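Given below, in the form of structure tokens, are the structures.
Look for chain A in each of the two complexes below; its partner is chain B in the first and chain C in the second.
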Partner chain A sequence: MGTKVVHTRGDITLVTGVIGADTHIVGNRILSMALEEAGFKVVALGALTPADEFIKAAIETAADGIMVSSLYGQGELDCRGFRELCIEAGLNDILLYVGGNLVVGKQDWADVEARYVDMGFDRAFANGTRVEEVIDTLDEDFAARAGGIA
Partner chain B sequence: MGADGNDIPLSAAQIPADDFADMRRENLARWPTGTEVDLDEAIEFHQSLPKHKQLGWVMRKAAAEGRCLTQPRGGFGTLELQLELMRALDGDGMADIVPTTTDSYTRNEQWSQADVGIEESKKEGRSMLNGFPMVNYGPKQTRKLIEAINKPAIVLSGTAMPRLTCEIGFAAGFTGYLGSGIAYTTSYTKDTSIAEGIRNYQYLDRLAVLYQEKGIDLHRRQPGFLTGTNVPPCIAIAVGVLDALLAAGQGVRNYGLELGQTLHLIQDAAAIQVCGELAHEYLAAAGFEDMFLPVTSLHWMGAWPQDEAQCAALVSYGGTLAAIGGAVSVTTKSTHESYGIPTPNANAEGLRTTRMAIYMARHIRLNELPEFQAEADLIRRETRPIIDRVLEMGDGDAALGAVRALEAGALDIPWSPNRFVQSRVMPARDLDGYLRVYDPGEMVFDPDVAEIHTERLMRRAEAEGVPYDQNLAVTSVYEISEPLDRLFPFPWGPE
Partner chain C sequence: MSRGRNLALLIDFGSTFTKLRAVDLDTSEIIGSGQGPSTVATDVTDGLHAALGDFENQIGDLPEFEHRLACSSAAGGLGMVTVGLVRELTAEAAKQAALGAGAKLTGAFSYGLTPDDITEIEAQAPDIILLAGGTDGGNADVILENAGRLAASAVACPIVVAGNREATPDAQAVLEKAGKPVTVTANVMPEFGTLDVEPARDAIRKVFIDRIVHAKGIDRASDMFDAVLMPTPAAVLDGAKLLSDGVPGTPGLGDLVVVDVGGATTDVHSVASGAPTVEGAIQHGLPEPHCKRSVEGDLGMRVNAHSIAEAAGLDVIAAAAGVNVGRAGEMLDTLSGDIEHLPKAGSEEARFDQALAATALGLAVTRHAGSLSIVQMVTGPASVQTGKDLSAVGTLIGTGGVLAQGENPAATLAAGLADPAQPQSLKPKAPALLLDSEYVLYAVGLLAAIDPEAALTFGLVHMHAVGEE
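Presenting the complex of A and B:
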């Protein structure tokens, strides 16, 4: 195992937004506020953001991660091909996170998570995940990355 | 003139008939099913509907008899699934009003994407859309939904762009339609200007009046829940009255106002009372004396808990709140709310739970209680200056006033995604469970009213031992969705 290198949150840029035709902004705004308060650089795209706008913003700001929110159920359609779009744009190892109500209706979370991991997301967060847990996870993932731990 | 009507200066005045005919022609040409809309044929169909399937009549009857009607939300991605859903809501759910919610692609006029959603739903055998793509199916197919039920039906389509969907919906035989220019533009869009949203709903209202002129009493309704996140009664009522003025300007006379529940029994009852009162007062003052303005109460519109038992309490209590408040109808949710779209069965259960709660509370009123009267008085003192200021900023015109006041923040919406809204106002729950205003942004309240809000929230901060800051507002967003072991545990257990 490599030595754990502590990263600086201020060096990490995260793009946030609500994907597709989805207007649910509240949780995403609270998440963006909390990430900023925790020291991350945050590029908040807000509600109703098409997939390619996430990618455009990530390129322009040399972002390290994209955090996609979806609450209206159609995320499964909106997020298809998201990883491929990143790769096409040259964002080969950007971390991709997705969270919210990611499918239509009440479905088994393990299935939903697997579906999104298959789509190329590094992590999927269930509805109700609190910002503290997200920040801890980001710290873990970026520490692993900085320390060269896969 | 351009047929979209965008070169007519914005005002609350009625769209002239000739201009409207041009606007309709252009609008209906935007998607193939638009050509299926035949106004004369549609009016004949509406005339053939029995009274109990006409929402305008049903709402008037319920108001006259003091009934609180139940209505869920619901929409799936294919006609087959939607038929099954509406039959279940009508039958098992005993819904008094049966809904069709449109999917979000339809709401954003992305009909090609909705086509993909229909195909994917058929392929996967489950709905991949969060509602029914009414425009893609067109009025002829969609009418099968109306024919499948024995209740009036309402279109629910959270959008600032309702022009084609409303043509299809009314032509299909829906007798109710939810949506309004100020409320939906501030809550469902990011880049749509308030003026554009208002124009789009003036189109819808003007269309409803074409039916009205032929004796069809359609029920138009204003979505007072706004962003659904701790909207204080004064803001909801002010927007409701302004949207009602805009609808009346087009000629609408049957117009419902909605209020999202604050979950405080006294505050909700007082809000319902004052909403109806102020709506009549301002509409009459503008020369619209013959408006029917029933109030609908909405089950909690903020974040829901994941535990179905906790949800059941919100559903049931929501029926109690609506009945005691004297609402003419209640819009229900279900125990699946935190996961999104409920199954037909869960949705029907939410309706029956609510119905039983209404039955038990139907004769209870709080109007004589001093605490009710104090809160009603406070809501009046909060709301009147907001509406007066908006009308003043528009030189008496509600449309111009709304645009200017939202831009300046004199009228503000909490947690709005729209960039033409200041969205600086921050509501929070006080120690007694009332929704108050922590930060008014640029909204101006009378000093004694502002003082009450500050004092109540400071008392909460003190009691909880937390700073008096923005976190009071943020924790109020999540409060109701917290699991019970965090929200309200046994307090005296071992360390």
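Presenting the complex of A and C:
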């Protein structure tokens, strides 16, 4: 599967979902709707999505990015090995974002972010991040990628 | 004798027998039936003549028929191979489309086809290949690669392409360039999580009518009937759909399940949305077709009698039949050795045969129906449903020789009901139990194509409440 040279948001397919045994769907639904409204093609898997289903959906839809939500504090366990699973499935350079209540308790955000980046996520977003910020970041990251390829 | 009567002759070219039902569409009566051997391997007309002879012995000279329609599962049925991308997604959708078209699946492939896969497909020599892969706007590479590999193979059968629409013209071109007959139809999964299997199903049926009927030599008898409309399992599914849906002015039975316990396989057809009935249940996985057919290739009363025992345990079946395990093993060998074997009424063997049928039927319905699992959340337990919830289905219909001729069809059919010991299985809880004791469901499906109203009335009259048949 070759990397697409991306021109506009409409060429970009994003898979969204809430990972693990997590039923908190509201924030993820708001994000999915906002992404769709912003012009992205969105494949919304909803709540209770195991890691492998994100990846299977990304293969079938030739997705450019996966946006993982986790709200119930077990994100670190659920997201472990996510990048490796993508590589195993041939999704070598897919963009991976994660966001939500990513850890239990009050922890230093820089630490949390670093742990998720170590796991292979391109970006981690703290609780309370506005969707506009996510969309701006997506635009930047895809622009950088398109520039890098051309 | 028949001037002015609206008569139809419905023929089933089966794998073992050629069967006929003659129906008066005005009165819903079966005016006669006949049976002959299946002679597709030599000359299909021999078996049909024999069946017509049998029919004439019962009612005298053949009347004039308004309609003469046939379905066929002879010569191996409609053998199909499906190819998709992700096993649980487009590969599963392709499988559902082929099963709904009445096919006998000999192989279901996912991801890129390997040289070994191609060798296997060539050896299976399917009648039709269904090639899918990628949502619209999704992955295009794999379906194109697979088209290229099929193009380079020795496979000569028609190929139905039902994948990513952007990739389809190129897939078609590469296959046609290699001389493969290609039919293009809509994507089985146009969007992620959306099944659209009807166009592929219809395309498969059309290829079956246009090419396969001829390839199998069934059209040799074509002056004796008007058309072979579909494979027999598709006729049964169409019959089930009509009985469920009804026609404008005449309501049908609503959601229903049909179980067909055969010699080699057990088929289950459900016509139901399968939406959750459990309060707050979260549905998980692909949606399933409203008209869903599943085939249990390891559950058959003769050819696969041993694998029924393997799946459920011979001791369990022996206990249900009230025989010891040693004797059960002997009877299992007798039954599986002779596909036409009919146990004597009232015998120990008949009891064992019935226990075997109940086991196959129970397993097949369990596999067809969805299931519930409880997931522990931070907020407490939640129910997650996979597959179709059939618990509220109003009707369960049994068909197939072992049910029609068996000793206690009510008990056999009851094996398909929800079991309080398995609360996670979403099988029907309290449906009406009906029996297709005259083997007419295929005829209902065939008639549905020409006269749905008469077909429905006929079907409703001839599905009998168990115990009253």
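By definition in this document, the second predicted complex is superposed on the first by the 142 of 150 C-alpha atoms of A that agree within 3 Å, B and C clash if a C-alpha of one lies under 4 Å from a C-alpha of the other, contacts with A are read in each partner's own complex, and residues count from 1 in each chain.
To be clear about the criterion, contacts are C-beta pairs under 8 Å (C-beta built on N, C-alpha and C of every residue); 3 or more make two chains touch, one makes a residue touch a chain.
None of the values given here were measured: they were computed from a predicted structure.
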First, second, both or neither for A:Asn127, with chain B first and chain C second: first
Touched partner set for A:Met119, first chain B, second chain C, both or neither: neither
Which of chain B and chain C A:Lys41 touches, first, second, both or neither: second
Partner chain(s) touched by A:Leu85 [first = chain B, second = chain C, both, neither]: neither
First (chain B), second (chain C), both or neither touched by A:Ala146: neither
Partner chain(s) touched by A:Arg29 [first = chain B, second = chain C, both, neither]: first
Which superposed partner A:Gly73 touches (first chain B, second chain C, both, neither): both
Contacts of A:Ile59 with chain B and chain C, given as first, second, both or neither: second
Comparison of chain B and chain C by chain A residues contacted: B
First, second, both or neither for A:Val104, with chain B first and chain C second: first
Contact residues common to both interfaces of chain A (with chain B and with chain C): 21-23, 47-48, 72-73
Chain B residues within the chain A interface of the complex: 103-105, 107-108, 110, 113, 116-117, 120, 126-130, 158, 187-191, 227, 229, 303, 306, 336, 338-343, 346, 415-417, 419, 474, 477, 481
Complex contact set, residues of chain A against chain C: 1-2, 13, 21-23, 41, 43, 45, 47-48, 56-57, 59-63, 72-73
Sites on chain C touched by chain A in the complex: 85-86, 88-90, 134-135, 137-141, 189, 191-193, 282, 284, 375-379, 382, 384
Chain B-touching residues of chain A, taken from the complex the two chains share: 18, 20-23, 25-27, 29-30, 33, 46-48, 71-74, 76-77, 101, 103-107, 127-128
